[in-house]
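Both complexes shown next keep subunit A, but they swap its partner, so subunit B is in the first and subunit C is in the second.
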Partner chain A sequence: MKTIMVNGNSLKWEEEMNIDLILKRKNYTFKMLVVKVDGKLIKKTEYSKTFVQPGADVKVIHLISGG
Partner chain B sequence: MKKSDFFSAHDPRIIPILQNAVIGIAGAGGLGSNIAVSLTRSGIGKLVVADFDKIEPSNLNRQQFFEDQIGMPKVIALLENLNKVSPFTKYQVHEIKLNPENIPLIYKNVDIMVEAFDKAEMKTMLIETWLAKFPNKPIIAASGITGWGKNELLHTRKIDNLYICGDEETDLQAGISPMAPRVGIVANMQANLVLELLLSTK
Partner chain C sequence: MNIYQNPYNPEKIKAAHKLLAELKYEIKPLVKGYSNQTLYINVGENKIGSKPVDQVMKDKFTGGRGFNMKLLWDAVTENTKWDSPENEIVIAAGPMGGITQYPGTGKSIVCGISPLTGAPVDSNVGGYFGPYLKFSGWDAIELQGIAKKDVIVYINGDEGIIQIFEAPEEDTNSHLIAEQMCDIFAENEMDMKSIATVSAGKGAENSFFGCLNFSFYDRRRKVARLKQAGRGGLGTLFRHKNIKAVVCKFSGMNANNNEVDDLEKIKDVGASYHRELYKEDDKQCDMRHVGTAHLVEIMDDYDLLPTHNYKFGADPRTPKISSVVWREMFTQGIPDGCWYGCTMQCAKCVDGYILQTGPYKGDTVSIDGPEYETAAAFGANMGIFDPHFIVEANFYCDTYGIDTISFGTGMAFIMECYENGIINKEITGGYDLSFGNGEESLHMLHQMARGEGFGKTVGLGIRRLKKLFAEKYGADPKFLQDIGMECKGMEYSEYMTKESLAMQGGYGLALKGAQHDEAWLIFMDMVNNQIPTFEDKAEALHYFPMFRTWFGLQGLCKLPWNDVEPANNAETDDPAKVPAHVANYVDIFNSITGRNIDKHEMILQSERVYNFQRVFNLRMGFGTREHDMIPYRSAGPVTLEEYESRVERYDKQLLEKWNWDPSGKTLEERHQKTREFREDAYQKLCDAVYKRRGWDNNGVPKIEKMKELKMDLPGVLEVLNKYYN
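Presenting the complex of A and B:
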């Protein structure tokens, strides 16, 4: 089975897997996120057109108000 | 006070490294004011702090300000308080709302950036701006600091040059601000990480 890593956990890779689909599969509904794929920052406007390859290392950082 | 007296209880090997460091702090509220006080006591050479807000009574539950400073711009009151702690840190303060255009100008000379905003939108904006403009300089952010207790959930996560301190899960209820102990702990986790990064790279 082909996989990607999301925040250090393995997730099944799918054809045409973009950032929106990854967030959906992980049930991430957070509003304010910073997303990095293989060390590269992916802005919100690029989520739908950024497709990941098997083995990709995805980091999702959830920013919560309070300070 | 003589400089040698202020630093007499510091490890002498680290003093020049700390005194040569320039640290940026974005926000002077619950996180920023606590971070600035800790880094000043640590003997950091220069702090660059920006915030556009004024002190309100509700800020005194967690921020390093005093009742007679209510109404003052936070950066001006912070400057006043930091100068009382130590004259051996230089302070550059900006009373300004940070945005993607002015962040690279104000913080271009810092060695490490510390995110100390209240709102998630501002945290995201700063991190995205920083990673795009200064990918090789560390940025230390905070996420999930509200409430009380749950010490065991607080942690630091490293993603390349981005570090996140907090529990990354406790969300803020509308109209309820964080409390002094937990915001103070996370602010000091951020300040502690500044020292670690400075002292491990040299």
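Presenting the complex of A and C:
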């Protein structure tokens, strides 16, 4: 099974897997996010156009909120 | 405008006032954010006096919570209990408090020896009192003694007069007395915004988790709005002193009451922030439309919304209490700041609500909130997914002076005890207190306010209830310890921590008890996986509590720091800290005081007070490792039901995180092993945090640390020498 890493945890890779799909699969609904793919910052406007390959290291950093 | 079926008569109330003491004083302009004196009131002896604030006090304690802790330390001894006459309520704004060019600058901080914990507690609150007090000439007010009869303390900051009145006719409950104070002390309707009142209610008299209500007059709604200093039972202490209200009148608001060093710089920083807020908020937390209630569905999505006494973190009924519902119920389009100039506008309000129960049934009222904590506590944790119940209970908790968090978490504990047969209808007075029972819960709330029935028992708080249920009803004390969500005697606020070790420490290692205002690390830890090692977590549990302590020193609200962020925050080196906003705070502090601190000195200011407060805990018989221990429900699944509900997660962790193969093991064995690993991890976390903070392995600040911070004061050393020798 092909996978990617999201915040250090493996996630099954899918064809045409973009950032929006990753967020959906992980149920990441919080709005204040910083997304990086292999160290490169992805702006929110680029989420739908950014496709990841198997083995990609994706960071979806949720900025501290709450409290 | 509230509509009452039994209106009060302000003239009759005023006529019954009997003057007990009076002090006239000269009002002097502030000097760079400070008035350089504090006000001392003893309601038992009818004494009114002042104390100077010198440079040493400012250097070591900065202001706000720092001043409060210093004054409280001087007022009490190691033998003082919460109900001792010498115990104090101390209220202050900090040096940054009251500026109107930047959001979130109107906070008061309140301190005292807590009825819930027996140790010093701090609680912050909006409303106008703190800034008005400072502009009236006082950096802080101490309230000491116990009055023989109900009194009101009145500070007239326009004329320089302080009075103590005997006050027999005022209502005690806050929504009424806050309006009555406006009617009595304001010149006319336009002047009502000059009146700020601190009060508690009948529930504060009859529970250990009474809150304080701080008012501000809303000219558009024509009501006195209420914000709460909720945590730690300070309302209980207030009513124990027989104080009905502390009122401050100040009508001289201008752009520079703080007499700052560089007003233009503050205006520039503020204008930039306001632009950012208007541009980004709708896309981020939407604070201006739903306030902190935006978090309800987010917490549910991440399995963090405490449900049924923190057993679970999500529930399919959550949409019934989500921000979509609150957006509809909150009046939109009316400015909702709890201090002048706050463009965040998150103090949301339900207007025109007709009360369905209790002594004010049928009255039409405006209700502040609910905030996230209240919606989560009443809705998910008590299992009552009904917004109308939440609003009704929110109103009564506020006006009765009851902390919604302690009430909600306390009731959730009661409900689990009820469902486990620890208590029954015979004990509760015939009430079925199963999860989800809103009507019965409101009965408990009204009973608590009247000081009657099982409702009064609920008001003991979880720590005392655990003892009672074990001793009187033969309950298993270990099970009660596992499910009773309190630490140091304070009920947990509304976040699930099972999957975030760092956040377990955020609650357990907080100085005052289980409140999240020192550190909220769940996303960094559980979701982002940014702080994987004990040392990483310890660093976060050093930086964030110190950074957030600074808000309490200065009179600031935390929300503008990170509930809206610059568009380019993601591109910075350390986005979780929001570097641009930290720079704003440094710039504003320097522009007010004329000093030249940097972000490192900011943390040092906090460290001085934070460590002083830890030693203060030690002085009062707390402040060591045993008091930092948490209920197991905070760390993992107490019951097999909880384990089974997330069985895949827990089994996977056993194998991958702890290197223990769960295959072929019984549910009981996996459940027990999970507990062993998680409890061991919490101990290791404590070790790492103590080391990072410069404390010994028992959680006591080292003498070298206090010297390094220049906080090796004689009283501090006396406490530490006793411990170390």
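One rule holds for everything that comes next: the second predicted complex is superposed on the first by the 64 of 67 C-alpha atoms of A that agree within 3 Å, B and C clash if a C-alpha of one lies under 4 Å from a C-alpha of the other, contacts with A are read in each partner's own complex, and residues count from 1 in each chain.
Rule of thumb we're sticking to: contacts are C-beta pairs under 8 Å (C-beta built on N, C-alpha and C of every residue); 3 or more make two chains touch, one makes a residue touch a chain.
Note that the coordinates shown come from a computational prediction; the quantities given were computed from them, not determined experimentally.
The superposed arrangement places subunit B and subunit C in clashing positions on subunit A. In the superposition on chain A, A:9 makes contact with subunit C only, while subunit B stays out of contact range. After overlaying the two complexes on the shared chain, residue contacts for A:27 are found with subunit C alone; subunit B is out of touch.
Taking subunit A as the reference, the larger set of touched residues comes from C, when subunit B and subunit C are compared. In the superposition on chain A, A:39 makes contact with subunit B only, while subunit C stays out of contact range.
In the superposition on chain A, A:49 makes contact with neither subunit B nor subunit C.
Of the two partner chains, both subunit B and subunit C are touched by A:61. Comparing the listed stretches 218-226, 326-334, 416-424 or 560-568 of subunit C against subunit B after superposition, the clashing one is 560-568. Within subunit A, the residues touched by subunit B in the first complex and by subunit C in the second are 31-34, 41, 59, 61-67.
Within the complex formed with subunit B, the subunit A residues making contact are 31-34, 36, 39, 41, 43, 59, 61-67. Listed in rising order, the residues of subunit B touching subunit A in the complex are 27, 29-32, 116-121, 123-124, 127-128, 131-132, 141-146, 157, 159-160, 162, 164, 166, 168-172, 177-178, 183.
By the touch criterion stated above, subunit A contacts subunit C in their complex at residues 7-9, 27-34, 41, 59-67. By the touch criterion given at the top, residues 283-285, 295, 297-299, 301-302, 495, 516-517, 520-524, 527-530, 532, 544, 558, 562-563, 565, 569-571, 575-576, 578 of subunit C touch subunit A in their complex.
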